[in-house]
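Right after this note come the structures.
Two complexes, one shared chain (subunit A), two partners (subunit B, subunit C).
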Partner chain A sequence: MIDTIFLILSLFALAGAIGMITLSNTMHSALSFLVTVFAIAGLYALLNASFLFMVQIIIYAGAIIALLLFIVMFLNIKEDKLKEPNRYNIMLVVAIILAPVDYLLFQAFLKMPHIGDFSTTLDNFGDVKMLGNELFKGWLVPFEAISVLLLVALIGSIVLARKKERE
Partner chain B sequence: MIEASFISYISLAILLFSIGIMGLISRKNIFIIYMSIELMLNAINIIFVTLSKYFGSMDGQIIAMMVMAIAASEAAIFLSLIVAMYRLKHSVNIDDFNTLKQKDTL
Partner chain C sequence: MNTILVIVIVVNIIIALLFSLGAAPILVWVERRVAGFIQDRLGPNRCNIAGIRLGGLIQSFADMLKLVFKEDFRAGAIKEKFVFMLAPVIVFASAFLSYMVMPFADNLTIGKQTFVMQGLPTNLGILWFLAFAGLSIYGIILGGWASNNKYSLLGSIRAGAQVISYEASMTLAIISVLITYGSVNLVDMVNFQSKLLFGFLPAWGVVMQPLAAIIFIVTAFAEANRTPFDIAEGESEIVGGYHTEYSAMKFGLFFVGEYVAMSASSALIVTLFFGGYNLPWLGTQSLKDNFTLIMEVIIVLLPILSFFFGRWILKNNIWPKADDIRNRESRWLIRALVMINVVVIVVLGYFLYSGIGSNGVNIAVALIQIATFAIKLLLMNFVFVWVRWTLPRFRYDQLQYLGWRILLPLSIANIFITALVVVGV
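Here is the complex of A and B:
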């Protein structure tokens, strides 16, 4: 049952990703990426990361893709202005270059030490309580640094997108 | 039949990362480039969460959460930069955004 769900979710993720880089309309491309984001959220749920499943849906699908779609609609791009005549050739060349690298990565992960059974974990592994305990005991300084980073990004995006006054 | 094992998740993440690199290099539309970067971050997140389950430790999931926070702040900065540059150039083609590039004849 889990194998079937994994197969369907990974097919959706790959199809959405391929659609994202091949479709010419920006809007269709962003909607295709949304499919990938939801499929990856499902994969997190399969991997016992229930909190990350919610965070993926809220942050990626709810905030990032929604903001992206808003900006795309706001700018109202005419896609016929943007000709990309040889993009499939470049993709083919990049795929041929990346294939041996991917094979080496795959072999490297196959050689990893076998720790235990992948299919069984603790009962409450990955839920909010366990993640919060770990986050606020061992990762407190990175957590505070991330909050400062978010504040800097908030102020910076307002400063960058503001209209300059004519003097 | 493909089973949901450790190496299947890793293979899926490697494939998604490669698709992200392909989109990053081959496209001219800056929105597609942005989404390709996000796809690569998502692929790395899958590897982190898979390794977290593999080793039975929560550290991978915490790093994945921090990558998501960095992706969110990157989204805000990147999209406001796109809006600012679109006001100047009226284009989303990255070939028009080469103002900072060093010219051949200095």
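Here is the complex of A and C:
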């Protein structure tokens, strides 16, 4: 049962990802990215990571892609402006060039500890309390560093947006 | 899987359905009658089934039937047929799903099992609400975009900008509430509010976190796209906004979805700030301890209240012609009232006489709490309707000013102060 759900969700995730890079209409590709995001949220739920499931939907689906769609609509991009010649050829060439990277990724995946054995994890390991304790006790410094990084990005984007206005 | 578990789960889902879907016709009725009252007119009150009008409630069902049987017209210019069809479904489904985590009674214990009284028992209640309430914006954005129409597109751009800006303040307001209650579980939050503050004041969220309550209520209005934040469908400027091109039941889904979303927001406001299913000064435990007294009070009060209600009906619904169909309604209502009284008093009297087991007390307390929650929900929905027919619409720049320059800094300051108090005290 769980394997079937996993396969269906993975298929959706892959189909969404492929759709995102192949569809020519920006709105359609944003929507197929949304399919991927939901499929991945479902995978998190399957892994008992309920908090991550919610956060995936709130942040990615609820905020980031909504903002993306809004910007696409706002800019009113014409479809024929986006037509590139030979885009499938370029995709093929890039895919061949990136093949060694795929191989490395696959190797890294195989060398992961506990592969295929998740029996040690508790049922509620993805719950808010467990995750919060782990995050704020074991990984406090990296967590704060990431927060500062996000803050820097936020301020940076405001500064960049202001610069354009003055020119 | 045992029988009681299955029954409780099914009952929970049915109650959640009744609160969300079943509330929609009642809310439409409340909206129209209150609008009529505020504008010094009657509102719809003629629609009847064999003379029974229930103050105009039947009109909602007639409207629903009309939407189902109307022609489903789609303009030829609409090319994105799938997205066009999907948009109202998203609005409806997200509103509906966000309702599923509202606790309408305290945890129910039958025998040795304890059940969480939510449509979907999860301990991440508030995150679930945020996740699915935020998705409704997709319906509005996609609906406006797929309509291939300038007004619709403008409407959905406005709605998108509004929801994105108000969601930030809403989430920040919720964070300060979370700091106060120390939990993301909605049942824990409500149980926190059953305590007393200074010995006499119920520790409701609105007392503990007045600023967060105000910010949350304002942003909830914006999330539900209700006046004064209904620039997404400002009739005088952009026809119907994002649902201009929709007809029949596709429009119906938008329409019902709006009411379900409003009701879900009200349910969350009641749960977070107005004590949820708690009666003020009467927590779950004190309800259970004094249950015999409560039954006696109900047996005494119910006939008295029914008498005054019946007299009010007879005073307001008597028509000079004897065979007037509307006179029949009064007779039916009085009969129904007497029947309810007799049944309730006989049942309660039997329980008083024969004693009621602990399972019985638990179920009866859950029923009282569901009724409390329903009444609070109706009052909060009334506030939504009241505001809609009282305040004019915001201009677009005023709306963004309020969202970014007033609500956002206030909610951040509130988090800061709350954290200081919680850590310091």
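Just so it is clear, the second predicted complex is superposed on the first by the 133 of 167 C-alpha atoms of A that agree within 3 Å, B and C clash if a C-alpha of one lies under 4 Å from a C-alpha of the other, contacts with A are read in each partner's own complex, and residues count from 1 in each chain.
Following the convention adopted for this analysis, a contact is a pair of C-beta atoms (placed from the backbone, for glycine too) under 8 Å apart; a residue touches a chain by one contact, two chains touch by 3 or more.
Computed from a prediction, not measured in an experiment: that's the story for all the values here.
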Fit or clash for subunit B plus subunit C once both are placed on subunit A? fit
Let me test your reading of the model: by the given contact rule, A:Leu46 touches which partner, first (subunit B), second (subunit C), both or neither? first
In the overlay, answer first, second, both or neither for which of subunit B and subunit C A:Val141 touches. neither
For A:Val55, decide between first (touching subunit B), second (touching subunit C), both and neither. both
Partner chain in contact with A:Asp127 - subunit B first, subunit C second, else both or neither: second
Looking at the overlay, what does A:Leu68 touch: subunit B (first), subunit C (second), both, or neither? first
Of subunit B and subunit C, the partner touching more residues of subunit A is B
Touch check for A:Ile96: first (subunit B), second (subunit C), both, or neither? neither
Superposition-derived minimum Cα distance between subunit C and subunit B (Å): 13
Touching both subunit B and subunit C, residues of subunit A: 51, 55, 63, 67, 74
Along subunit A, where are the residues that touch subunit B in the complex? 2-3, 5-7, 10, 13-14, 17-18, 20-21, 26, 29-30, 33, 36-37, 40, 43-44, 46-49, 51-52, 55-56, 59-60, 63-64, 67-68, 71-72, 74-75, 77, 81-82, 84, 87-88, 90-91, 94-95, 98, 102, 105-106, 109-110, 112, 115-116, 118-119, 121-122, 125-126, 130-131, 134-135, 138-139, 142-143, 146, 149-150, 152-154, 156-158, 160-161, 163
Subunit A residues touching subunit C - in the complex, by the definition given at the top: 27, 31, 34, 50-51, 54-55, 57-58, 61-63, 66-67, 69-70, 73-74, 127-128
Flag every residue of subunit C that touches subunit A in the complex, lowest number first. 83, 122-124, 127-128, 130-132, 134-135, 137-138, 141-142, 144-145, 153, 156-157, 160-161, 163-164, 167, 184
Interface residues, subunit B side, partner subunit A - complex: 1-12, 14-16, 18-23, 25-29, 31-32, 34-36, 38-39, 42, 45-46, 49-50, 52-56, 58-59, 61-62, 64-66, 68-77, 79-84, 86-87, 91-93
